[in-house]
Every structure is written in C-alpha cells, then in structure tokens.
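You will see two complexes here that share subunit A, one where it goes with subunit B and one where it goes with subunit C.
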Partner chain A sequence: MSLKNVLGVALGILSAIGGFVDIGDLVFNTQAGAVFGYQLLWVVVIGVVGIIVYSEMCGRVSAVSKRPVFDLVRERTGFGAGLATLIASSVVNLMTCAAEVGGVAICLQLLSGLPYRALIALAVVGLVVASWVLPFTWIERVFGYLGLCLLVFGVAAIKSHPGWGHVAHGFVPGSHAGGSLMVYGYFVVGLLGAAMTPYEVYFYSSGAVEDRWGLEQLKLNKVTAIIGYSLGGILSFALMIVAGALFLPAGIDPQFLGTPALAAEHVLGQVGLLLALVGILFAVGGAAIETSFSGAYNVSQFFGWRWGKKERPAAASRFTLSWLIIFALALLVVMSGYDPVKLTEYSVIFSVVTLPLTYLPILLIANDRTYMGSKVNGKLANVLGVVYFAIIIAIAVAAIPLMVLTHGGKG
Partner chain B sequence: MSKVVELDIALGVLDHQLVDSEGKNCGKVDDLEIAGLNGGSPEVVEILVGGNAWRYRGRLGRLAARLGGNAVHVPWSEVAAVTEVVTLKRTAAELRLNRGDERWARLVGKLPGA
Partner chain C sequence: MLVLGVAVALVVAGCGSGGGKLGAKALAEQSKALQALAAEGALLAQDAGAGKTTRIFTRVHSADLHKAAAQAAASLKAAKTEPALMPKLRRLQGLAVRIRGDLERLGGAAKNQAPALGRDLQAAAQASKQIGASLE
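Let's turn to the complex of A and B:
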C-alpha cells in the first residue's frame, strides 16, 4: 500500500471510531455500568464482534453484487415480508433519529444554557443544512473526528481507578451479583442491540454502493470493519467502566444524557466536561444524519426509486423528500416532549426485533454464488454468521418481554 | 448465439430493480404477467410496476395496492438484459416509469441548490 492509501485507511478508521458510539451505546453502556458495574463487559465484546461480522459481510456483498441491503431484503423475502421489514425498520429509524436529535439538543443546552426547545429546532436545522450542503466524506470527517473527543472517557476510565481485577473479571461471562436476573437479561439484550444497530448496516452498504465499491475495496472493507469497530468498542468499555467506578458506588441512576459527561468532569475537570459534551454532540449528530439517510435509503431501495446523496436532489426527488421528512418527524417527536433517553431505550429494544429480517437476507446472499461468485462467505464468516444469527433470533424473541417485565431495566 | 442461462423468475426477476437505458432506477419488478398457462407454452409477457401491481403480493400488498394508483405495464420485449438488475431497452420516460420522481421533482426543485 502506498502512503496515501495508508493515510486514507487510517482516516477511515478514525472516523469509524468516532462514529461507532451513538446514543444507544451511551445510554445502555452507562446504565449497565451503573447497575452491574463491570459485569457486562463481555456482552460488549460479543456485540462488537457481531457488528464486525455482519458489516464486513454486508460491505463485501455491496462491493461484489452492487446491491445495497434493502434491495436484498426485497429480493429474498418478497414484497409482503419486505414491506413489513421496511415499516418496522422505518419506525425504529425514526425513533432513533428523534433520540439522536434530542441528544444533540441536550448537549447544545449544556454547552450554551439556552432553552431546550429552541435548541431542538436549531439542532434539526443545523443537521439538515449540513446534510444538504456537505458531501458524505465531509460529514464523515467533521462528525467522526470531533466525535473522537469521546476518547476523554478512555482517560476518565483509567483515572477513575477502577479495580482492574474486577474489570478483567467482567470480560468473562458468568454469574452476576446485584440486580435481578431479568434486569441482567434486559441489559444483555440492550447492549447487543446498541452495538449491532441495523441502521449502521443500511447506511454502510448504501454508502458502499454509492461510492461504487468493487473487488479492490474488499481489503479496505475488512480492515475498516475489524479495526474501526474494535477500537470503537473500546469507547463502549470506557463508558461502562466509568459508570461502574463512579455511578454504581454512589447509587447514581443515569437517567439524563448529560450524566456521563459529569463523570468526565469529576475526573478531569472543566476540560473533561467540555470534551465529553463536544464528543457526544458530534457522535450523536452524525448518527442522526445516518439514521435519517438510512430511512430514505430503505424506502427508496424497497420501491426501486432513484436514490443517492450523489444524485441531484431534485432528480432523486422521493429520496430527498424521504430524509427531509424523517428529520421533520423527528423534530415533531422530540418537540412533543418525549425524553431522548426513554426514546433511546425503546428504539434499541425495537431495533433488536427487526435484526433477524435485516441480517437473514445478507447471510443468504453472502452464500449465493450467482451474486457473489468466488467471494462467497468463507468458513469463518459462515460459522460466525450462523452463530450470530442464532443469537439475534434469541434476543429478538426475548427483547420485548424483558422490557415489559423489567419496566425498562428498573427491575 | 447467446449462451443459454437458466433463470429462476421468482428468485432472479421478481422483486428485482428495474434500470432504464440510461442506467437510472425506475421501479421494481412488482409482478409478472404470464400468458399460456392453460395449454400452450407459458411465457412472461409483461412486467407490472407499482400501484395495483402489488395486489397479489400478500395482505400488506393488497392494502398498498389500494393506496397506489394504476400499475405501469412494460412488455417483456423491452427487457435488454437480466443480471442482478433488469435492464430495459428504453428510457424511464419513454416507458412511463418516471411519473413518481417527476411529480415530486417540481416540489424538491424549488429548494435552493436542488
């Protein structure tokens, strides 16, 4: 690889790290840490490997077959089941987008002290203008790099002096202490859901098709997925460790999105607080853009419309309207007073239910030689793919019962 | 002579992307009209796109068909190639497959920079 390529890959990885954490990871990792300390770290590992397995598969399928995910959903599951998946995923996308928009507004409020409602409107206008004006490479850079401020949580995790023996113990699945088994199960589902959010896969595959990925991008695809997501996963560990070290002993229940930022302040002072808020702001803002575009990609691909950020907005008119409408609806949802943290919990749990129908077509096509030629899944990809598919089905079945029975993790 | 390729129309054609002669997306193969099922040799004669083409596609399809308008009928003779997508010989406009995007293009076109 030439220096320029290495640099390109490094930059891609950096923005993947900054873009890994969204509001779902923030909420679930901090809450899990506040309730169970470090005991659920092993779940994050499983979740991160899961998103690596499926996004690598999905990027490879897009590069070889030139088909994005929702084309495949429609082709493999047909109109009826495909439409059901579309509706379910659109609801989840909208809820997630609303939660992320709310998160942006909360960060802006903590940074500026201005009224929340005005900042919701400002957040949406800002995100729409950024999406309209900037090409994706720039959106990825601006939001991805500034999202790297979240690395402050890594420093905070170390400086909060967790018992490293206990932390290491958390990477081994096993019996738990404190909280009921049901609540433990709820957080297992939530953490996996937060790590394997379906919109990331929709967005990633559509982006790959738009950028006209071919066989020569397969290596880049693999490297970005493995390194980018693994390093991103470290941020998830950090959030859980900070919460376990500071919130659990103090009995703090992080029901407010700003709570993790206070942990950074506690350890690192004003600078820590500022970095944490800026990091959350851009991580969550970037995710808001990804969710609105994912919704537009899905509906356009299902009905066969023209789509793409690179198309003239008026030429791909229905695609353009779709993402604008999703932002408008997200604005309405947050304006009507739904709490972003609550919205996040619901959106992650519901997204788990839609996971099987998203990932099954990918797994099938990745094994189909008429699409993939010699680039079909190897043994490792298939073993992992099938194991994860079984995990996904199990958590999809358990998700809603656990949420209801534990009252959203409250026991 | 072209190579004979086996094609499963349920898996390889139905629900696939339609692309016009300029490479633009213009709908999906929502249904297929097949003639000669009673005796004779069955043959795909038309592709149905959009609207009430969804009516035989399950319960949700029936509901969607009621909300959509009339389907556009594209004769199979307009098909240039079947790969991962179904490529047509003419443009979307010539085959009347551009109505949806055209309708909303006027609205979106009013936005600055569109």
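Let's turn to the complex of A and C:
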C-alpha cells in the first residue's frame, strides 16, 4: 500500500471516529452513565460490533454491485415491503434530523448566548449552505475532523479518576444496581439503537457508491468499518465513564445537551468546555447532514430518481429537493418548541423499531450470489449477521413497551 | 402503523407528568428531579466560582436549569397529596422555590457570588435527597 493510500485510509478512519457520535449517543451514553455508572459499557461493545458487521456488509454490497442498499432493498423485497421500509426510515430520519438540528442550535447558544429560535434558523441555513457548497468528501471530513474535539471526553474520563476496576467490570454483562430491571432494559435498547442507527448504514452505502468504490476498495471498507467504528466507540465509553464518575455520585440527571459539556468543563476548565461544545456542534451538525442526505438517498433510490451529491443540483433536482425538504421539515419540528433531547430519546427508540426493516434486506442481499458473486458473506459475517439480527428483533419488540413502562427511562 | 405507534407512545409517555394528587412514589420522583437540578446547578456554580467556565455557558445553562426548576415548582404548587404526606409536599414546595431562585440568580452572578449559590444549591440537593429517601 502506497503512502498516499495509507494517508487516505487514516483520514477516512479519523473522519469515521469524529462522525461516530451523534446526539443519540450523547444523550443515551450520558444518561446511562448517570443512572447505572459503568455497568452498561458492555452494551456499547455489542452496539459497536453490530454497526461494524452491518456497515461492512453494506459497503461490500455497494462496492460489488455498484448500487446502494436501498435500490437493492426494493428490488429484492418488492414494492410493498420496500415502501414500508421507506416510510419507516423516512419518519425516523426526519425525527433524528430535527433532533440534530436542535442540538446544533443548542450548542451555538451555549457558545454565543444568542436567542435559541434565531439560532435554529441560522443552524439550518448553515447546514444547507455547507451541504450545497462542500463536496461530499469535504462534508465527511470537515465535520468528522472537528467532531474529533469530542476526544476531550476521553481525557476528561481519565482525569475524573473513575475506579478502573469498576470500569473493567462494566464490560461484563451481569447483575445491576442503581435502577430497576426495566430501566436497565430501556437503556440497553437505547444504547444499541444509538449505536446502530439505520441512517448510518444508508449513508455509508450511498457514500460508497458516490465515491465509486469497486472491488479494490473492499479492504478499505473493512479497515474503515472496523477501526473507525471501534475507535469511535471509545468516545461512547468516555461519555459513559465521565457521567458515571461525576453525575452518578451527585445525583445529576442529564436532561440537557449542555450537561455533558459541563462534565468536560468541571474536569478540564474552559478549554475542556470549548472543545466539548465545538466537538458536539460538529458531531451533531455532521449527523444532521447525514440524516437529511440519507432520507434523500432512500427516496431517490426507491423511486429510481437520479441522485448523488456529486451530481449537479439541477441534474439531480428531485434528490436535491428531497434533502432540502427534510431540512425544512426539521426546522418546523424544532421551531414548534419540542425539546431536542426528548426528541432524541423518541427518535432512537423508534429507530430501534425499524431496525429489522433496515438490516434484514442487507443480510439477505449480502448472501445473494446474484448480486454478490463470490463476495457473499463468509461464515463469520453470517454468524454475526444472524446473531445480531436476533438481537435486533428482540430489542425492536421490547423498545416501545420499555419506553412507555419506564416513562422514557425515568422508572 | 409506525406513525400510529409513535403517536400512541408519545401520548402515553406524556401521561402522568401533570399535577393531580401525588402519592409517596410520585413525590419521591419529584424530590429526585429537584435534587438533580440543584446538584447540577451546584456543580455549575462551583465551576463558575473557580473560573472554569464561561459567562455565556453559565448564563445559558443555568437558564435551562431554572426553566426546569420553575416547571417543577409550578407542578408542586398545584399538587395535592394525602394528609400524612402534606408536610413533605410543603417542604418540597419550599425547596423548589429556593432552587428556582438560586438558579435564576446564578445566571447573572459575579464570580465571587457563585460559590455561595453553589453551597446553597448543594444544601438544597441534599435536603431533596433526604426527603426522597424518607418517601421510599
């Protein structure tokens, strides 16, 4: 591998790390840490392995077939099932995009002190301009690299001096303390949902087609998925550890997006605070763009429209209009006054319900020689794919009952 | 189907958060919520006093906490409970008003005023915790 290729892989991994965390990860990891300390770290591991397994499949499917996943979903599952998947994923995408837009506005407010509603409009305008002006690779990299400021939580986690023995114990599933079994279950579902959000795989696979991946990118796909997501998972660990070390003993319940930043501030002072806010701003900003594009990709691929960020907007007008409409609807939702953190909780839980619709077609297509030829899933990918699909079914069934019974994790 | 599920779940999840007649469990939840707000305000005030934070962050974040505390205070003010629990409800009402006031002052507090507010919020958090423990 040449130095240029190594650099390309390294840059891709860095943007994957910075782009791993979105508002769902921020909310659920911090809340889980504040309620259960380090006891749910093992769930993050399961979620990260899950997203690696299915992202690798998605990237491989796109690289081999040269077609994005949603295109194949409709072809493989038929119009009816494809339409159901499209509707479900569009609702969840919109909720997630609205939550991320609200998150951007909150971060801007915490940095500037300007009125929240004005900043919601500013956030949407800024995201639309960035989406319009920046090339695809630059969108990934600018937001991914600046999202790396979230590594401040890794430093804060170390400097908050958690009991490392307890932290290590958290990687082993077992008995729990600090909340009821149902609340524990709610956070298990939420953490898995936050790690395995459907928009990530749709965006990843469409991005692979946009970047014109072919068979020679299969190794890059594997390396980016495994290393990028694994290292990104460290950010999730850090958020949970910081919350477990600082918020749990004090009885703080993180209900605001500023609360995780407060942890970085408490441990590292103003520099920690500013890095945390900038990191959150770009992580949720990048995720807002990804969700709007993901929604536009899905609709365009389902109806067979011309699509792609690399196309001129006029040439892919319906695709362009789709992501603009998603931003406009997200703006309306957030302007209605709905709390972005609450919206995040709902969007993550409802995304869990749609997970089987997202991941089953991927598993089926990745095993179909008609599309994949000799690059079908190997034994390991199939075992993991099937095990994870069983997990996905279980959490999809449990998600809404647990949310209702625990009043959104409140017990 | 999903949209319907979302609507039903949102409605159901939103239930049970109003005023009404509170039992011991609901009062314990209210005290826990107050403790959380006061503790977070205390941490923020402590950092503000130590120069660890920015004025803007203190102002905006304390305003968020204040808004939540004001909602809790209004909810407790309208709440009713059984006679045996009335003294605890009254104490919680008083604490909610105190926490709300401290958080409001924190937004505009000078660096040298923040530590006193932090101590008061910490004491209020402790008092809320004790009430909650006595209700469980």
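Just so it is clear, the second predicted complex is superposed on the first by the 411 of 411 C-alpha atoms of A that agree within 3 Å, B and C clash if a C-alpha of one lies under 4 Å from a C-alpha of the other, contacts with A are read in each partner's own complex, and residues count from 1 in each chain.
Throughout what follows, a contact is a pair of C-beta atoms (placed from the backbone, for glycine too) under 8 Å apart; a residue touches a chain by one contact, two chains touch by 3 or more.
Worth saying up front: this structure is predicted, and the values here are computed from it rather than measured.
Look at subunit A after the overlay: subunit B and subunit C fit there side by side. Contacts of A:Asp71 after superposition: subunit B is touched, whereas subunit C is not reached. Of the two partner chains placed around the shared chain by superposition, subunit C is the only one that A:Gly269 touches, whereas subunit B remains out of contact. For the combined arrangement built by superposing the two complexes, subunit A sits at the apex of an angle of 130 degrees to subunit B and subunit C, based on C-alpha centres and given in steps of 10. By the document's definition of touching, of the two partners only subunit B reaches A:Ser317; subunit C does not. In the superposition on chain A, A:Thr137 makes contact with neither subunit B nor subunit C. In the superposed model, A:Leu83 lies in contact with subunit B only, and not with subunit C. Contacts of A:Thr259 after superposition on the shared chain: subunit C is touched, whereas subunit B is not. When both complexes are overlaid on chain A, the residue A:Ser180 reaches neither subunit B nor subunit C.
Taken over all C-alpha pairs, subunit B and subunit C come no nearer than 11 Å in the superposed arrangement.
On subunit C, the positions that touch subunit A within their shared complex are 2-3, 5-6, 9-10, 12-13, 16-17, 29, 32-33, 35-36, 39-40, 42-44, 46-47, 51-54, 56-57, 59-61, 64-65, 68, 125, 129.
For subunit B in complex with subunit A, the residues that touch the partner chain are 11-12, 14-18, 24-28, 30, 49-50, 54, 57-61, 64, 84, 100-105, 107-109, 111, 113-114. Touching subunit C in their complex are the following residues of subunit A: 87-88, 91, 109-113, 246, 250-253, 255-256, 258-259, 261-262, 265-266, 269-270, 273-274, 277, 346, 349-350, 353-354, 400, 403-404, 407-408, 410-411. Looking at the complex, you find that subunit A touches subunit B at residues 65-67, 71, 74-75, 78-84, 132-133, 300, 302-307, 312-318, 320-321, 370-371.
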